[in-house]
Every structure is written in structure tokens, then in C-alpha cells.
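Each of the next two complexes has chain A plus one other chain: chain B in the first, chain C in the second.
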Partner chain A sequence: MHNSAVLRPITNLFGKVSGFANRNPTRMAIILGLGLYAFTVFQVPGAFSVQAISTLFMMTLLLSFASAGQTMVLIGGGMDFTVGAVMSVAAMITTSIMRGEDGRFLQAFAVCMLLGAAVGFINGVCTTKVGLPALVVTLAIGNVVTRMSYLVTAGTPVGRVGPAFASSVIYRHFGFIPSLALYALILFPLVFYILYRSRFGRQLYLVGNNPEAARLCGINVNKIKTISYMISGMLSAFTGMLGVGMLQASRNQMFDAYAYQSLIAVVVGGTSFAGGVGTYGGTIAGSMVMVMLNNMLTALNLSQRVREITLGLVLVLILVMYNRRKGVRQ
Partner chain B sequence: MFETKEMGKRFDAVVALNGASLKAYPGEIRALLGSNGSGKSTMIKILAGVYGPDSGEISVDGKVVSIGSGTASRQHGIATAFQELSLIPTMSVLDNLMLGSEPKGKFGMVDRAEARQKVQALLDRFGIDCDMDAYIQTLMPSTQTMLEVAKAVSQKPRLLLLDEVTAPLYHDEIQVLFRIVRELKADGVSIIYVTHRMSEIFELCDQVTIMRSGETVKEASTNEIDLDEIVFHMTGQYPEAHAEKEVAGDSGEPTGREVLLDVRNLAIFPSVWDVNMKAYKGEIIGIAGLQGQGQPEFIRSLLGAAQITGGSVQFDGKKLDFKSPVDAVNGGVGFVSGDRKREAVFPVRSISENISAGKIASGQLGAYMTGKFIKEFSSGAVEKYNIKIGRLENPASSLSGGNQQKLVIARWIAMNPTLLLLDDPTKGVDVHSRREIHKILQECAAGGMTVIISSSEYEELFGIADRIYVFFEGRVSDMLAGARKTDELLVAAMMGMTGQNKDGEAM
Partner chain C sequence: MNKKLIMLVLAFVLVLAACGGAATPAAPAPADPGAATAPPAPEAGDDGLRPVRLASHNAVVEGNSFRIRYELDIQEAAAAAADHGFAVSYASFVANWDAALEVQQLQNSINEGYDFILVNPVSVTGLDPVIERAREAGILYINANNIYISPGAGVLNVGSNQFEQGYLTAREAGRVLGPGARVIMMAAREGNAASELRQRGFEAGIEEEQLVVVHESFHDWNYTQATERMLEILNAGVEFDGILVSQNANALIDAFEITGTPLPRFIGYHDGGNFMLQMIELNREERVIDFMMLSNSPGVGGTALNIGLHQMLGRELRADLPYWSDTWDDVIALLLPNSIWMTYDDSWDGRSIFDWEDEARRLGSDVPTHWWTFEDAGAHFFY
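Then we have the complex of A and B:
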């Protein structure tokens, strides 16, 4: 294929774009996201409105919350496929505990955090102590969590979120700034602190880059990895609460797609599958790319199947582009 | 007969064989000797079909042949028992021994009954007491080695290559092995026997071929050569006579200093049997020995990264009880590995993070730790020890091997540990960087730090160590200090030729 005179300019261009993407993943993601939006607006002018942008902003925030823990897990050399399942179950717990009353928010919050931490702990123990691949472990555990939720809810989740909690998520200040952004004011600094300003974050990067060297340096590798899964579980659970606050009622597996979406958002944001490299800023930009992509496919009014096929193909392309960098561990 | 001539083999820049030759006549046991890196393992692997030579020719019965694969090697009647074993750990004894030579029954199916019979006969002949359905990985190392030899012998070779097979064996197993090797010899098989145990050569072998730096330097009959001459050809040095050694009884232990580390009868199954060592504050202790005599395990046990199975270690007046490197680092121990890529460097992280890794490793997880702090900490370390390395924000992979090693040493020195362990830290490091590393270590020792450094190059230890412990087969074969720090004594001790181990006795 590389010998073909017709294809060479295309492969050259691909190589250049890919090189840029690997050097400046955050900038590349922003360009990509805005490009997708511009294309959507060009095709469907109705997609450009204050309301639409506000919604896209909200979706981006929600995905970036869901991807925060995923970023940490990937930096530490793992992978978390329970994000979606935990979000869905947290959503069901929230509605069934709150039952439309805001006074029960703290109860719901406490139960969700416990659930997230517990799932994360199991993920951590299974990947570190048992030594199974993270992909397999977290997929399986995510499945268990989902099935258990069916068992508990008998297939039909009940209740609603409290009205004040709902409006703390969906109210639009000045008509367009989603109230969800206020949560970002707490969550973003928290994640940035954990990743860049705490000893835990420093250790996480070293563990992800070379676990054996980290261990011989005196870092408790298993503990660090397990904590990263626990943080991911708790952040997923909280994002599930916010998500259901947006939609108000829950149903089974409502956020399952977030497992893949968060993973792709993190990778597009420049975090390496090989571990040890990545930024949360990149993940936020990557979340925007995912949201813009979904938005485009919806706005173009394609049939569900065509949308899913297109989404799959685009994701493969993006992953190929971002994984041209050689693995860190030879 | 089998013969190799003018063999050449390089691995990148390293010349492993440089015109070496080897002959093997029927009905003869030939010892193939040489120190680490002399090329004897490469020679064995070429005959076994593991590597192809870059130049030279191999002939069988006068006909030039090429051995391009393990299968080709077997077809020429060559069987090999490898030091690192070729058994498959997750398969049973039965399947391993029959692998590739399964007896065929009806319709080309494996005849299990006949296979069991054959394997049982083989196990009986070798006196191996094990269940033939047991998985290899569940067996003792010595049993595994015996099976490796049995597998090679079962191929009814014309040339049998035995690569350091006696090292993990017990005394009675060695006797069985010797008996079988002699039987094969009587049957007209050629045997090439690689060993570090000098006593075995004279007990078993008829001929010796000695290699040094990829060349064959001496061939002789064991009747006409003695130990001193063998050592001379292996190392280029004559070992000192035994009598002189007894006179010099200098323990070299410093007076008026506190003992930091007191190791007694330390055992780490299966590589360290009995190690005694004392290290004083501010001392540099060298650890010498051929490859794989238990040095890495010993060092790792002090770090809590290898399990101690016997004996005791007192560290700073208390019983050493590190369950993991986390405890060791908190207890004031630092560790510099020579295996930079695997065990020391974080290649994609910045130089400053790499230097600060020890600081990052110990303390409260939630603690505030900015990039600025890390930068200042690392630049402080760089200035203090005058370690010239690239820009602090560049990734560690941008540095050369020597500089990466300085980086790792800087990491630990900046932590100011009471005990610094170094496992072959200057492997693959250029002379200039090596000198700088030595200077840094000497400064640290002068400041009261105890340094234990293992090295595969003994010139290095003479330059830097106050006392040198020489390891041989999991034991300290000699301790050299003061006037006894001579090439001759070191070489002799590395070969296990000292009072306690002269007889090359295995457990």
C-alpha cells in the first residue's frame, strides 16, 4: 500500500496528523472536536444554537467526570471497564433511595460511594493480586454488577431524584450555563490535585511507566493501583448520580456506553495504553471529541445501525492514529 | 567426530566468539572451560542450533554441515542439556520427556502405554523419584535439572552437551550423573561438559578445552594439566599458592566503627545456602563471583525483595524484617539495579522525576508535592554530586546508558540511606561515567553511608571496595581485604578453590 503513488500523499498526511496527535494530544483533540462540530453545523445548520451548545457542554462535562478515574487507572497501567456498570447502578440506587425527596441525598451519596469504592477495590485486588489482565477482570466484574442490579430491581428500577438535586444539575444559569458546571468547579480541582499535586499522583505515573522499578524504589505498587481503581469507582458512581439527576428517572444499563466512551475519550486525550503517560486536560478535550462525534451522528439523522457502524469505524481510525507511538515497555 | 573451526559470533557490538574451535571425539569426555563471557555458552548454543554462527564451519565426521535449528542439531545426533533448562514448566514429566519423540501406535496416535514404560525406565536409570504426571514447575530445581539431562540422554545422541548441569544438583544426584556419563562414554558417545567446578574436571573428564574472550586458548589432556595452569589459561593469571594464603589472615575489618549489618548463615532457597557477612558504617563492601552464584538474590533479600529461608540478619542493631522494598526504603535502604531497563529507570518520565523517585516513594500518599518541589529536589541532587545530565524536564530515555545509571544512583544518594545496595551498577557503563560513579560512592561512604556493591568486573571492586566477599555457589568462598586483595586470590575464590570449598562439594 505504501508503494502506491495514489495512496502515498494520503499515508503521508495520515502520518503527519498522527505525529501531531501524539505530540500535542490535547490540542489535536480540541481541533478534532471543533472540526466535527463545524462539519455538523455545516450539514445541519439547526445544530448551531445556544441551547445546543449548552447541551453539548453539559454532555462533555458529564463524560469528563466519568473519564477522570479512567484516566488515573490507565496512567497506572490498568483499564477500567466497570465505569458504565457502576454509573448505571449508582443511578438506580439514587432514584430508589431518594424517591423524589432531596432530604435523602446524603444517604444515596453514601451508598453510591460505598458501591464505587467496593467495585474498585475488587477490580484492584483481582488485577494486582490475582494477576489477571485488567481488561478481562473489569469486563467480568462490570457484568456481575449489572446482573446484580437486575436481581435487586427485578428489572424495573423505581423512584425519581429529588427536584432540588435535579435542578442542581440541569438548571441553566443565564439561560445557557448548565448548573453541572458548578460540580466541575469541585471535581476538576480535585482530580488535578490528585494527579499532579499529590504524592499518590506522582507514584501513579511511576507505577504505570515501570512497575518493577517502582516496586524496588519502595512504592507499594498494588496499593497504588488498587487506590486508582477505587477512585475510578467512586467517581463513576458520583457521575452516575449526576447523570440520573439530568434524566431524573433511571433504567437498567442506562449508562453502560460510558465504559467505552470514557476509554476512548482518555486515549484521544493522549493517555497511553502502555501506562505512565497522560493528562486530565487531554481527557477533557477527548470527552469533547466523543460528545461532538455522537452529536454529529445524531444530527445527521442517520439510522441507528449506520450510526453505530460509523462510530465504530471512526473509533478504530482514532485508535490507530493514537497508537502509532511504540509501546513504552519493550 | 564433531569439530568446529574458526567460529565467529557477535551480538551487536559484543564479540562472543572470535575464531574459537572445539573438537569432540567418540568415547571422550571433554571439559569446556572459561570464565563469564568467554564464549563457551555461545559455542554450546551454536552446536545446539539455538544460534547460527556468523563465520566458521562445523563438521561431523569430516563433512561440513550447517546446523540451522534445534531439529537439525538433533538430526546430526547432538543432544543438549541446557543450564536454563528446555523443559516446559506447564507440561507433565511424561510429556516433556517424550516431546518430539512420542512412540506412535495405531493410526499415528501416541502410544501412551509404551510412552509410560519408556519414561519409567528412564526415571529408574537416573534414579529420579517423581510422579511422571506431575507438572515440571512443581518439582525441585535439582529434579528438573536431572530430567533435563535425562531428556537429552533419551535422544541417544552421538554428542551430548551438558551446560553447567551440576550447579543445582545434590551430591548423590551428581554421582548418578557421573555414572551415566561414564556409561555413555563406554558406548562411544562424545560428551562436552561445561562446568565451573574444578574438582569435577579431574574426576570425570579426559580432555579440557579452555576458552577466553571468544578464543580457544588451550587444549590438553587432564593428565598433563594442573589446576593452576587451567586457571592461568582461563584468566591470564596464576593463582597464588595455598601456603601463602594461610599466612595472610588479615580480616580487614575496621576497628572503632559500628557494625551496621551482620548476616549470619543466611539462606535463600534455592540460590543462597550459607552466607556470613559483616558490614560497618562507612564501609564499601564488594561482592564478587561468577555469574549466578547467589549475589543478586543476596542483595535483594536485604531489600525485602527475596524471601530469606534461613539464618539471620541484624540491621542497625535490630533484626532485619523487611517484607517488601517499601519497608526497606522506609528503613533507610537504597537499591541500585544494574538492570536499568527493567528495574530502575522510568523511561518516559522526566529526569527530575526519576531522580526524585525515592522521595516520591516514601511518605503520605495525600501529601502535597508539586512539580516545583521535584525540580528543586532533583537539581539540588544534581548540583551536590556534580552529576552532569541533560535538561531535567527531558524524559530519562533521552540519556545514554551511563547517564541513566548516574540518574539512578543520584536518586538514592539524594535519599541519604544508611545502607546502599548496588547490583552490578556499572554494567554497560562507559569508563568515564564509571569513574564518576565510584567517586560519588566513595564520598557517600566517607559521609558514613554503608555501600554494598556487587560487580561482574572485579577490577572495579579492587578500586573501590574496602573488603570483598567472593560468592561461589551460594556461599562466601573467601573474604579479601588489605594485602589479600589480589587478582590471584580473587580468581581462585571465584572458582571455589579455597579451603572451605576446595572439594567442590555440593550440599
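Then we have the complex of A and C:
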């Protein structure tokens, strides 16, 4: 009796926050991200600097690019665990083709896009035609992509990106605006257009909401889902190129962690695992939450294992809070 | 029909994926392909060479420049053994950090009757039954690089002096920065014997030089993770004068470049040619950053091979060598000195850092290496 009296205010508060998060996921993610940063600065005033903000901005952008395709796939009712593997392989392709020369950028870009589209196509066909869970299929294909990269490079990818390309990613305009933001000026409107203005985007939401209804409306559900995986593959490949532009040299599996990070950023941004619900604006805000959370745990100077455990627990809490949405009626 | 075909393709893909961590046959070819099929024989063959079948077991090779060079050095040492009456055939097995797979691969090597098993293990314990089986089968078993610390295993370890690497780096940081200086400490991997030994060395040096550790982290020997950790530290506004890092210093320098943050006064250590080149370029116009370059020589595998060959001839290891005995009970670890090192002011061969530019470019991400020849190993380590 006593216990329930103590717990009731806590559960009520959790319920209210959870309700707000589900009604306004993007706003909630923005509040959460800014709150985490404010707490970090309160604890460690040195964390408030132009350089730090600029780098946090850059890392948020990179994660939001990686999460763009994942958002589309989740809205369509799927899941893409090949994001990290495709990013890593695209990074290796970029350095091995460019070999320090900017003139080869277009070649690298073309090969990376082909790779992303091919992996996305295989993901799409395997999940839609065979009907196996997207989680299993994309994990397996991601693993195959990774092993093939080892086979081709023998574990030692070569080359570097061209200096102008590297500069187009890490140069800071006026000392604090990262050049990566210029890529956002192209990518963000493109993703917003695809999701909210194109016929494909509208069909994607309907497919994710209720595939049977979509089929009865004459929509080729398998085709729409496969296209979403292909877009995800291409966006992942392009993000891998930008990522290696930042780090300048490639390594095997260098961006593997982005598979999980992108998925969590998308869910934190309000996209439902059940499909049919979600916004890219929410994903960008979710990416900010992920970056700010990592930053806060580092600033608090906790041991790394404690940081990783705390990160896991906080993410579980956030995901529980965000997934109280009622399923769409089938 | 189409569905069946796709299911077959998918099944194939899944099987391939499941094989991701499976035994990887040696990327490098055996040193002596002709001898690779020869049955084990204690006596010399018609060619006057004694055939030795060597199985080199590794936790990881792909993507790790140290392990790649480690395997290549073993191959070179195996080829050189022909001058001393051995026809060493060589096979390599990689467990990809999977301890269960490592045990399975070792069991296979014992069953197949290899003469000599050289292991750079996944974990520092858990192989006692396998070691016992190898011993019963009359197979020479030596553990190289990552020291196996299970008490009473009675296995010979041959490793670089990891303690010294941490210790020398921290002492150099103290010399450059002075007492009371604030340092970041980024370790390699928790629970790994080499990393733990280095940390003991770092701690001893830090205490002697009265340095203050303001932030601790580790990078798991992963370049990207090292860069990301450093980015997080810079974003978090941690104030420091220098960085102590258990290899991968080059990845941390990249983080400073990405953020545009001024460099610290000291960083150490790493052993790749790329790190040497970074230091040359940063200090070309004026002294910008002090550093420690130390080669955790991958040649330790080649040295272990030559020590094993002497043991096969029945020679006895000297008792007055720098064994590691005060850290873990009953561990026989022969620690090799770190013979390749460089700071801003000095280097192992007396050359200036700038005289190393061509060599550093040639090395790239590879590291300067050194292994003890058959003659040197015999002269230094045996009665």
C-alpha cells in the first residue's frame, strides 16, 4: 500500500511525459537534446564552446544523414541493419578510388551509389518476396557485405580522400559552421520532398500503415518497400563517403555502430517500429539526442563501461517511453 | 518457383553470414608449400631438413596492421629456418575474437598432428584443457604476444615488454610536461593481458612523474572508436596538457584536426609509419608537439618461432632472463625489450625524426618491426 503510494506519482509523471513524447515526438526529442546539453554545461562549463558546439552539430548532421534512409524503411514497415556495413564499405571504396585525388570523386560517387542500390535491392527482395523478418535478413546481408569487404581488401583498405573533398566536409565557415552543413542543404530538402511531396512518399506511409489496404488500393507494396531499401542503401553509401571525408582514411567496419545508432535515432525521433508513422524532422532531433547523450556521459567523466551501461539503460527508458503508441488498426 | 529460388539464395546468404566468424585459412601462403603436405617426422628428411608443421592461431588478423605484420614476420622466420636445418610449413587460423571458435580450431590442430602450435590468444585464460591435450600429444605449444595468465598452465609466453611501453611513455610525458600536468589516459582494451600490463607501466610512470589523470577511456584497438572517443572528450570541454594512449595516437591527432582544436603539448604512443609522418609534418616548421613513438614489435611471433625451434632441439632456456613473475603467479613470460622507439629529441638509432620521412611514407599504416633470428635467439635465450 505504502509502496504504491510512493510509486504512483512517479508512474503518473512517466505516463504524462510518455504521452507528450508520443503526441509530440519531435518537440520532445528537441527538448531532451537541449536539456542534455544544458545539464552537461551545468556540470562541466568547459563543454560550452564554439568549437564543441560546431563539432556536436557536425556529428548530429552525420548521424541524421545515416538515419534518413532508415526512417523511410521503418515508415514502410521494415528495418535496415545494413546501414553501418554499407557506410563502411562505401568509405573504403571512396579512399581506394580517390587515392588522394579529388578528380576521382565522381567515379567513387557512382560506384558507391551502385553498391548502396544493389544492397538495398537485395534487402528489399529478400524481405518482401521471401517474407522473412527484416531484422534477420538485413543483419545477415550486412554481415556478408562486411566479410566481402575483408575478402577484397585483405583487411587493409588503401588510399585517402582528396584534400578538397575532405575540406568540403570538415572546413569551418566563419570558424564554426562546418561545411558538412552545405550537404544538409541538399540532403534535407531531398528527403523531405521524397517523404512528404512525392507520390512514393505517400504510398510508403500507406504501405507502412496497412499493407493490405495499400494493396487493395492498387499499390505495388513489394516495389515500394524495395525502393525504400534502395534509397536507404544509397543514402547510407553517401553518408559513408562523407564520414570518410571527415576521417580521411578508411578502415574495415569503421562505421558499423551506425546501424544501431541510426535505428535508435529514428525511433527516438518518433518513427514507430510498427510502420506508417514518423517524420524526418523527428529523426534529425533524435540524432541530436544520441549525440548529446554521448557527450553528456563523456563530460561527466564516468568510466567507459559505466558510460556504456548508462547509455544502454537511458536508451531503453526512452524507447519504452516512445513506444506506447497504439497500433494502427489492420 | 521464384520464391523457392529466392529462398535458396537467401539460405546461401545466411550460411555465408553465419560463416563470418569461422575459421579463415591463412591469408598468407605457407612459407614452404612443398613441405606443407609432409608428415611430421622427428628426423631430417632426404633433403637434410627436419620437417616442422607449424599452426599459427590468431585472435584476429584482418583489419589489424599489427597482426598482419605479425603473421608475415612468422612466415619470414619460417623461411629463414631452412638455413638452420628446418623445413617449416605454415598454416594460419583466425578466430575473429571468438573464444569458442579458437578452442575448436586448436583442437583441430592437435588432431591433425601439427608439431608446433603458436597462439596469439583471444583471451588470457580458458585454454588450459587444450594446452594439456597438446602437451599429451607431444606438441610444442607457445603463446605469443598476448600473455596467457592462467595460473599453473605451465605454458611459455613470449611477448614484448608491454609494461615498459606504458612506463617509458608516461616518463617522457612527465619530462616534457612537468609535475602536476593534466593528462588524458586512453587505454587499449579491458581484460586484455597486453593492455593490462601497459596500464601498469603507465600508472608507474604517472606516479613517478606526478601527473594528474583528468579523464580515462579506452579504444578497443579500433581507429574509429579512438577518434570518436577523442572527439567526445574535446566536445566535453575536458582541460588537459597531454595525452597518454595505448597505441592509436594517430587517430587522436585526427580528432584535433577535425575539430580545429589546438594540439596538446605531448602525445604518446603509437608505432605506425603514419604516426611518424604526422609528427614530422606537424613539427616541420617549429616544435609544436612532443611525442613518443614505440614499436610494439609484431616480430614477437617470429622470435617465438625461433625460440620454439631451439626448444625442439632439446635446448634449455636460461633462467636469468627478464621473465614476468611478479604480476601473475606461475606465469612463464619472456618479455622482449622494446628496441624501436623515437621522441622529438632522440631515437633508437640516433637519427633525427626528419631523417625518417621516406621510411615513414613507405611504412604507411605498417609498423617498424624486428624479430630475433635463430642465431640471436639461441645466443641470448638458451644455455
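The rule we apply is simple: the second predicted complex is superposed on the first by the 325 of 330 C-alpha atoms of A that agree within 3 Å, B and C clash if a C-alpha of one lies under 4 Å from a C-alpha of the other, contacts with A are read in each partner's own complex, and residues count from 1 in each chain.
The rule we apply is simple: contacts are C-beta pairs under 8 Å (C-beta built on N, C-alpha and C of every residue); 3 or more make two chains touch, one makes a residue touch a chain.
Every value quoted in this text rests on a predicted model; they were computed, and no experiment measured them.
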| query | If chain A is used to align the two complexes, do chain B and chain C fit next to each other or clash? | reply | fit
| Touching A:G276 in the superposition: chain B (first), chain C (second), both, neither? | first
| task | Classify the contacts of A:C217 with the two partner chains as first (chain B alone), second (chain C alone), both, or neither. | result | first
| request: For A:R160, select first, second, both or neither according to whether it touches chain B, chain C, the two together, or no partner. | output: neither
| Superposed model, angle subtended at chain A by chain C and chain B (C-alpha, nearest 10 degrees) | 120
| request: Figure out whether A:V130 sits in contact with chain B (first) or chain C (second), or with both, or with neither. | output: second
| query | For A:N209, is the partner it touches chain B (first), chain C (second), both, or none of the two (neither)? | reply | first
| task | In the overlay, answer first, second, both or neither for which of chain B and chain C A:K225 touches. | result | neither
| task | Report the partner of chain A that touches more of its residues: chain B or chain C. | result | C
| field | Shortest CA-CA distance in Å separating chain B from chain C in the superposed model | value | 15
| task | For chain A, give the residues common to its interface with chain B and its interface with chain C. | result | none
| chain A-facing residues of chain C, complex | 2-3, 6-7, 9-10, 13-14, 16-20, 27, 61-65, 68, 190, 214-218, 222-224, 227, 229, 231-239, 254, 257-261, 274, 365
| said: Going by the contact rule set out above, which residues of chain A touch chain B in the complex? | reply: 196-203, 205-206, 209-210, 212-220, 224, 227, 272, 276-277, 328, 330
| query | So in the complex, which bits of chain A are touching chain C? | reply | 40, 44-49, 51-52, 54-56, 58-59, 122, 125-126, 129-130, 132, 136-137, 139-141, 143-144, 146-147, 150, 154-156, 170, 172, 175, 246-249, 251-255, 294-295, 298-299, 301, 303-305
| field | Complex contacts: residues of chain B adjacent to chain A | value | 303, 305, 324-326, 328-330, 335, 337, 341-349, 353, 356-358, 360-371, 374, 411
